[in-house]
Structures are given as structure tokens and as C-alpha cells.
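The same subunit A turns up in both complexes below, where it pairs with subunit B and then with subunit C.
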Partner chain A sequence: MTDVKFIIRTADQTRKAEVEMDRTNQGADIVQAAVDNWALPTDTDYSLVNVTTGKALVPSQLLDENYVRPGDILEVQPVLVAG
Partner chain B sequence: MRWQDQTEAPALPSAAAFLTRLGVLDSVRLTQRGNTSPRVVITADCLEAISFHLAKARTEMGGLLLGRAYAGLNGQADAQILVAARSVPSQAFDSTNVSLRMEAEVWTAARPFLDKGDIVLGWYHSHPDLGAFFSDTDRTTQRAFFRQPYSLGIVIDPVRQEMKAYLGPDSAPIPAENVMVYEGHP
Partner chain C sequence: MEAQSRYLRHTLIDWFSQDEVARTKVAVIGAGAVGNEVLKCLALLGAGHIDIYDFDRIEVHNLTRSVLFRETDIGKNKAACAAERLKDLDPNINVRAFPGDFWRTLDLTAFGSYAAVICCVDNFEARIRLNFLCKLWGVNLINTGIDSRHAVIDTFPFAREPDASCYECTLPASVYQRMSQRYSCGGLKKMAFIEKRIPTTVITASLAGSLAASQALRLGAPAHKGSRRIFADSITGASTASDLPSREDCPVCAQIKAPVQISRVRASSRAELAPLARSNAPEAGEVTLPEPVIVSYQCKACGQGEGQDKPLLWRAADHDASLANCKACAGEGAVDIQIRDKLPLTVLAEAARLPVPFVMTASDWGTHVFVF
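After this line comes the complex of A and B, so read on.
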């Protein structure tokens, strides 16, 4: 197992964390960690984008070197709803 | 997994430098109000862009508001002047005349401006012919994703030509007299 250390932030850039995760984790695990640690709403859809590479990570994407490199910045982007 | 939070409270710049750029008359207009609620400055270009966007359809539309937040003149650390200088319309959305879902791409569209120093000041959306007010859904979104003390929510009814502004995670109404359209480029 190999860990990768990266930066995660909210889309408005008001929250940031350094995260170290095993590469066997998936994109969905990163979003879940952000939801848990920052008390984000659970009933919202989120996208995960690697800002450094410009690539989106789908929920099932493993954190392999093609998608997340050490030091990359990942952004959790919520879908916004209004009524 | 190891998670080390590095969030820092935003340090807002003083409003003094901004007011200097405004000029005397506009500074007086902005600061002499009968209440202590924060002042909102929307540049004419920003308001025009929003109006143009929201007039395109009779269903709800929206986007992000970018700009700057300034602390008070008297040493208050909280935001006292909010300057909305740019809008980022949501291009990927699903809407009806009473609902709106803005896909996450709007955040990516905003990022180049954030990299240049703007902040996400808030968001805007329309209520075509429903009146300008924050619904329960709007308040929930504001509380969840626009939770800074300076976070601004603007709702516009382009048919009735009404606009209301709300502040912070509790969606506190901002008095209309505190909202100023500025013709220049602060």
C-alpha cells in the first residue's frame, strides 16, 4: 500500500486541509472525508476536481498516480440548489 | 487516512483604502446610513451582467458573485463593506419557474478570478414573477455553502424588477438603502 499526500479545499477556498490517504481509496472517499470533517451537507451532490491537473475525479476513481500526485490540490465542489 | 485541517480565518482588508478610491461623494453616500448593517456595493457592470443573464429565461437562473469584503472603518474585524464586482453565470443547470440546480462547473468557471484575488462573495439567482425573497431552499443553500459572515445572497425578480439581498449563514436581510450601485471600477 502507498500513501499519497495532497491538499483538499472547498470550492470557495475558505477551508483547506492536508490529507494523506492510501492510493487504494477512491474519489468518493475524499468527498466523504470532506463531508465528515467539515460538516458539509450529506444530502448534496459534489464534484471532485484536481485543480492542479484540471481533471475531474469520478467517485469510483482510485487515487493512482495518473489522477493524484503528491502535493496536488483537490477541490470539493457542491451542486447548488435554489427554490 | 490522516487529515490535518489548515483552514485560516480570512483577514479582511480595511475599508479605508476602498473608500479612498470611491471618492468623497460616493464614500459619504455609502457610509452615512441610519443603520449598522453592512453596506453592499454592486458595480454597474456586474449588475448589468446579472440582469442580462437573468432576463434570458422565465425559469430560475443563477450564478456566483465574486468581489471583495472589507472590514469596518472603526477597527471592526467583521465585514462592513461588500463589493460585488463580477458575476459568474451557471452554464450547466436544470431549472423550472420555481426551482434551480446549478452544476458544480460554476465553481471551476470562477476559479481563474479567485486566483487573481477575488473571493467568492456569494451567489445570485432569479425568481421570475414570484417576487424577490429567500425561500427555505435558498436559506438552506446559503447556510451550507455561503457560511462566511460576509457571504451575500441576492435574489432578483426580473419580471417585477425587485431585488433583495441577504447576508451570512442566517440569511439576514440587508436593508435596501444599504445596497448601492457603483458606476466605476473599484
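After this line comes the complex of A and C, so read on.
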């Protein structure tokens, strides 16, 4: 098991942290950690985007080297439903 | 007024083809806040053919975000009213209004003629349905969403890339959990569910609307490969553009195998399904319905029920959980309801009335869609 250190932030950039997580974690785990630690609204759904590579992560995606590299910035974006 | 004079400024833009825009046929689903902005842009740009779908009526609170609606329009259907206003904006464009639920008013035999479908709805269920239709028919889908601060525009180029990732590929599991709160097991509506209201403003609506219109008409930029999301912050002006990956276990992509063949089955001669159902063709077995239907119900206490001999084929979404309470013996939750999203083709061939607009079957050779 290897860890990867990256930056996670909210879409409005009011919350930002450097975190180190095991690569066996999934995208959904990061979102859940952000919701829990930052007390993000729980009546909203979130997706995860690696803004450094310009690629969204599917919820089941592991933090594989191909998707998250050390120092990358991952953004937790609300899934917008109003129209 | 001559169209040439009207679009004079557009003709000065070297990358803008007014003729191409005039040839474009677009469907806009939802004429609310974002829909208004999309429609305004399409009309002013001279999009040749615009179809508007909305079941909803204009309320006074819509007026703060809807450039096409007036106080005197309160109570009118949104699609019909928006269509009228677009004709005022530009009489050269061809606009049609389809009041009602798009699931029922869409002409699926002509669905493939749209260059793009722009999704401006306000719920996940409608987005998921539109995504499914666009993926199946190979029609480009532009999905939009807003809140009070952000706007999102997803572009799914299914016409050019049938294998492109779809809306559900990146949808978190929490969305399905949230949707399931609205329905009891099997797809019946829960009786007391209060819809969450999300505050929005015309700022985010116009941001989403203009970008969506631009993506639908593919203005100014070379085609980007794959599905893509633009996420914009209306306060800071920051935006991100990201590629949307596909996932193997996507509930949509996993069940649609290329190539897709679409066949029209005339309502007057549904019996033409019968020979196919009796044959050894891959379609002869069970077909998948695009939504669950109730085939029968029976009270476990008194035996009262329907559909035991001939399947009922009622749309589950048209019924709520009160169906589980027996009307004959007043047994609460005593009724056993059989709900299916797959049925033998023979059942549909014998049905007097079909509850769904199409059915499909998929195997290694591809996907066959029967449109009714």
C-alpha cells in the first residue's frame, strides 16, 4: 500500500487542505471525508474533479497513479440539479 | 425584415456560420430559468428550428429568473409562452411548443433528427431519462444545472461518439439514494415526500444558458473529443473544464450494446410483434422497459386483486404507495404488488395499450429498440 499526498478543496475554494491518503481509497471516500470534515451540506450530492489533470473521477475510481499524482489538486464540486 | 440584415453582425465573425446555425434543429427540455436563457440565446443567434418541452405553468416567483415571461403570463404553460416570445424575437425561426411531460410528448420517431438536446430540467429523474434516450438514439446531449452560485454544463457528443461517457457514468451513489427516497420499492411514489427547493438567480441561469447554447451550436471551438464538463463560479469567475470518464458498471452504458437498431412499431398493428416474439430472433425473449410497470396486485389477506390473468401494464410512476393498502378489506400494506422492468415480448404484443414509449433488447450483436 502506498500513500499519495494531494490538495483537496471545495468548488468555492473556501476550504482547502493538503491530505495524505492510501491509494486504495476511492473517489467517493474523498468526497465523504470532505463532507464530514468540512461539514458540507448533506442534502447535496458531490462529484470529484482532478483540476490539475482536467479529468473528473468516477466515484469508484481508486486513487491510482494514473488518476492522482502527488501534489494534484482535487476539487469537490456539487452536483447541480436546479434548472 | 430581411434575415440577411438581421444577422449582419454575425456574418462579420470569421468562425461563425449563420447558415449552419439556421440549419440546426435543437430540443430544449425545460423552459424554466436556464431554459429561458438557452432559448433567448438560440433565438437571437438564429437557430433555425427550436422545439420546447415543458409541462409546468408560470408562477409569480419564476419572473425573477425568466426573461421571456411577464406578469400577465402567470398561469400559462411555460413551453407555449416561451415559444410565443421567441417568435416575437425573431419571426424567421421555426419554434414549436410541446406542453406536457417530455417523456410522453417527445416524438421518438423523429428524435434522431435533433442536432442536440439541451436539458434544462430541475430533477435527476428527468436528466437520467434524457441521458438514456440521447445515448440510445445517438443524439448530442447538453446537460445544465445551477444553484445560487455555480453553473454546470455537461456536453455528451453521442452523435459523433456513441461510446462517449454518459451522464450516469460520473453520478455519485448518493443521487440514487436520494431518488429512492421519493419512491418506495419498485417505483411507486411515496405519499408524503416534500421536494427540496434550491435557490437560484438569473446570474447562474444566464451563465449556464449561454454556455449551453454555445455548446449545442458548437460555436467557435474545434470539437473536443469525449464528454466534458464546464463548472463555473459566478462570484469569483473561476471555472474548470474536465473530461468525463466512462465507467464499466454504468447502468446506462453497460446495457446499450452497439450497434443500435431502432424500429417503429405502429400502434394500429402491434400484432406485428407477435411473429417476432415466437421466432428464434434475439429479440424474442424478454425486453427491457424504460421504466417499471405494475403487472398485477393481490391482497394477501382477502385475495382481492387484478392482473393475475392478463398483466395490467400500468406505469408504476403513476401510482403511489397507497396501492399497497387493500381497498376491499382495508388491510394496510396487505397488497402484494408485482412490478417489472422486463417483460416477454409476447405480453406486449397482446397488450391493448402500451404504458411505455419504447422497449429495448440487447445482446452481443447489439441493441434493438422498438418504438411505439
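In this section, the second predicted complex is superposed on the first by the 79 of 83 C-alpha atoms of A that agree within 3 Å, B and C clash if a C-alpha of one lies under 4 Å from a C-alpha of the other, contacts with A are read in each partner's own complex, and residues count from 1 in each chain.
To be clear about the criterion, a contact is a pair of C-beta atoms (placed from the backbone, for glycine too) under 8 Å apart; a residue touches a chain by one contact, two chains touch by 3 or more.
Predicted, not measured: the structure shown is a model, and the values here were computed from it.
When the two structures are aligned on the shared chain, A:Thr2 is found in touch with neither subunit B nor subunit C.
Touch criterion met: A:Val31 reaches subunit C, while subunit B stays clear of it.
In the superposed model, A:Ser47 makes contact with both subunit B and subunit C.
By the touch criterion stated above, A:Gly83 is placed in contact with subunit B and with subunit C alike. Once chain A of one complex is fitted onto chain A of the other, the partner contacts of A:Asp22 are limited to subunit B, with no touch recorded for subunit C. Within the superposed three-chain model, A:Gln13 lies in touch with subunit B and with subunit C [touch as defined at top].
In the superposition on chain A, contact is made by A:Glu75 with both subunit B and subunit C. Subunit A residues 11-13, 45-47, 49, 51, 75, 77-83 lie at the interface with subunit B in one structure and with subunit C in the other. On subunit C, the positions that touch subunit A within their shared complex are 30, 32-35, 119-124, 127, 144-147, 149-152, 169-175, 178, 196, 198, 200, 229, 231, 233, 235-236, 238, 240-245, 247, 249.
Residue ranges on subunit A touching subunit B, taken from their complex, read 7, 11-22, 25, 29, 33, 37, 40-41, 44-47, 49, 51, 75, 77-83. In the complex of the two chains, the subunit B residues touching subunit A come out as 1-8, 10, 60, 62, 90, 98-108, 111, 114, 119-120, 123, 125, 135-138, 140-141, 144-146, 148.
Subunit A contributes residues 11-13, 28, 31, 43, 45-47, 49-51, 54-61, 75, 77-83 to its touches with subunit C in the complex.
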